[in-house]
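The following blocks contain the structures, represented as structure tokens.
Both complexes shown next keep subunit A, but they swap its partner, so subunit B is in the first and subunit C is in the second.
Take a look at the complex of A and B:
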């Protein structure tokens, strides 16, 4: 365990080096969040009863989504891992007494953590001081807040385990380009990154909520704005745990298959 | 003790001729050729031995090293290193070995060398006292000193290679695989590295397997030579066996390659 924690530490401190990238990220997220909120406002002004979530819930959803973007976007995959598979540098990792899967898991989590640490606070602070309908609301209750934190971390773990599935598949396809496009667009659409899942027609939403993609950002962001009933929250957390276990065991299986069959590229 | 018995390894390689027409054709019908990188390789290496593993480009040297270090799984044959099968028991096996791939880097690009070393300390669970003794010894022998605090990306090739070699030895490996460790080194660094490998073998009785195209490395370090060509072992003997008259080592080896037509 100690070795994986050191991986985490090194990666985390490396991530903190990139201040300019973080600053640019914060600005982008503000612009993006504001744009989203203004679009929703236009819709809500026409008929606010026609929508499944209250306007302030949508606003909190969007600000939280922007603040923790680094936790949940799938396009933020690690090029270093892809490169190491493509050019064969993975051979050095295979010479170490570590499990490739666990190492990837910790390093990806660490990267996302450091990126989010640098980006979330300015967004959270400014968004909570914005005037009323446009600002981030405090959580519905203390319990909602704790559940939000737990599901946030679970969602991060589910996202990371999906990313590692893509890394492992690259052992077989060599080029990650196709896989990246396929998974990124699927996740963006099905996870509630484009529009929150309650905005979909009810039948489709019910199906979407069962998919692993709904166990990423959807749960935490909706729990924060109290958009779920207790029963819904319970089943959402159970599904998150289910998908986490499933994705991790699939990933481990695939990874060990790849390790057996791997041919190191580039001599 | 390292034993390789009848090891075979083949790769499937997609081949096509040059040109756009050929590329389109390959879209629908791809021709694969099976290349036997290793074809019935058998040898034994005793503990504490230093062996030069030589052969022309594409002979199968690196494939052998990768099988021995547990990265590749052979198609057939048996391989035992200290009683373990490297590719089956990878994690236990790699604790005991050190590997340097001359053309790759194991150090983290963005951080000072010492950070990579500290990470390796945790990865191999090296005790603090052993880590500090080894680090001091390696720093002195390889003349690392100031290099340790510079980011890897700002080191020259030779400086980096000295750090790479140190990185592979922090955990006191019993066996050291060196895959072209002197690529791109200047005369001084080359001598330092050779001297160091020699000492490592003398003091710690480390088994060393060295692949290189630099025959001076072989001359300076190893008594035993294994010659491989087209995936087969062609000769297993000493430097004196192949040396004829006063020819220098490069000419001798080139002639050897010619006689075996590899």
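Take a look at the complex of A and C:
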């Protein structure tokens, strides 16, 4: 465990070095969030009764989504890992007395953590000082806030374990391009990154909520904006834990399969 | 002379890309999928709402498809500007400067992204659907409007890519916030700009003229404005290229080689 924690520390402090990039990212995400909110306002003004969430819940959803973008975007996969599989550098990692899966897991989490640490605070602070309908609301209660934190971390873990599934599939396909594109656009759509899940027709939404993609950003963002009933929250968290365990065990299995007959590329 | 050279550049680019046919195909499909989910987002929003500020589903699709087409065309041939930061950092821009040919032509020729054809295909399908459903009374002036929108919009995005590249002379690094104006415009230009409110409309009329190629001519297309003036508004957006070009020229002027 200790060695993985030091992997985490290493990657985390490495990630904190890129401050200018983070600043540019904050500005971009801020503009993105603002435009998104304006779109929903336009729809809200047309027909507020057809709105499946309250307007302030949508606003909080969007600001939180932008603040923790680094946690949940799947296109932010680690090219270093893909490269190491393609050019053969993975052989160095395989020689070390570590599990490749655990190492990937901790380094990916650390990278996302550092990126989010740098980016979330400016967005959260500015968004909460915005005038009434456009600002980030405080959480509904202390319990909502704690649940939000827990589901945020669970969602991060689910996202990472899904990414690793793609890393390890690269052992078999060599070129990650196709898989990456397919997964990225699927995840974006089903996880509620394009439009929040409640905006889908009810039947489709019910189905989508069972998929592992809904256990990523959907749960935390909606708990924060108090969009779920107690029962919904309970089943969502259970589902998150279920998908985390399933995805991790699938990934571990796949990794050990790949390790057994890995062919090292490059020279 | 320069056109012949440019076509030669493109043919080299396409031939080299065709060496990796699978990768080309996958990337083109990927481009399609990425903008397809934006379409699905619109689709499901309109399952719930009948219109947004008076624009119906098919009208929004028409608006989105034209914007997407403009963006894809600009991205297809002006992709060289997008990757320009690499050229500055690695010092390959020096090589361009010593050749007896216009720099912009050479940068444009360095990359031709045919994979955007996936996105264009989707734009065209939506365009056809939008036209067939939105009951536009076609006149010659309306056909010209669509045509001018495409020209003006492509010019506008080219100008933005040019700014993005020109800024690399000063920063050596591509600036991420420029994405707001390119990708962001593609993403949020799916809805007619008028829905974002008056301030946004003013900004996109006078600062970065998106509204000139999107909102105003769209109103004319849909028959909500009849003044013939609206037909030619998109062409005004071409003027945006002038400050972009000046910025680029200034950048080239004070360029100091980096890299080795």
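General observations
In the analysis below, the second predicted complex is superposed on the first by the 267 of 267 C-alpha atoms of A that agree within 3 Å, B and C clash if a C-alpha of one lies under 4 Å from a C-alpha of the other, contacts with A are read in each partner's own complex, and residues count from 1 in each chain.
In this text, a contact is a pair of C-beta atoms (placed from the backbone, for glycine too) under 8 Å apart; a residue touches a chain by one contact, two chains touch by 3 or more.
Remember, it's a predicted structure, so these values are computed and weren't measured experimentally.
Residue contacts after overlaying the shared chain place A:201 against subunit C, while subunit B stays out of touching range. Of the two partner chains placed by superposition, only subunit C is touched by A:32; subunit B is not.
Touch criterion met: A:264 reaches subunit B, while subunit C stays clear of it.
Of the two partner chains placed by the overlay, only subunit C lies in contact with A:181; subunit B stays clear of it. Of the two partner chains placed by the overlay, neither subunit B nor subunit C lies in contact with A:49. In the superposed model, more residues of subunit A are touched by C than by the other of subunit B and subunit C. Contacts of A:229 after superposition on the shared chain: neither subunit B nor subunit C is touched. Once the two complexes are laid over each other on the shared chain, residue contacts for A:89 go to subunit B alone; subunit C is not touched.
Comparing the two interfaces of subunit A, the one with subunit B and the one with subunit C have no residue in common. Those residues of subunit B that touch subunit A in the shared complex are 11, 62, 66, 69-73, 87, 90-92, 94-95, 97, 99, 101, 103-106, 108, 110-111, 115, 118-119, 122-125. Looking at the complex, you find that subunit C touches subunit A at residues 23, 26-27, 29-30, 33-34, 36-38, 40-41, 44-45, 47-53, 175-177, 179-180, 184, 187-188, 191, 195-197, 200.
Within the complex formed with subunit C, the residues of subunit A that make contact are 21, 24-25, 27-28, 31-32, 35-36, 38-39, 42-43, 45-47, 50, 52, 175, 177-178, 181-182, 184-185, 188-189, 194-195, 199-201, 204.
Residues 2-3, 5-7, 10, 14, 17, 88-89, 91-92, 94-99, 259-264, 267 of subunit A are the ones touching subunit B in the complex.
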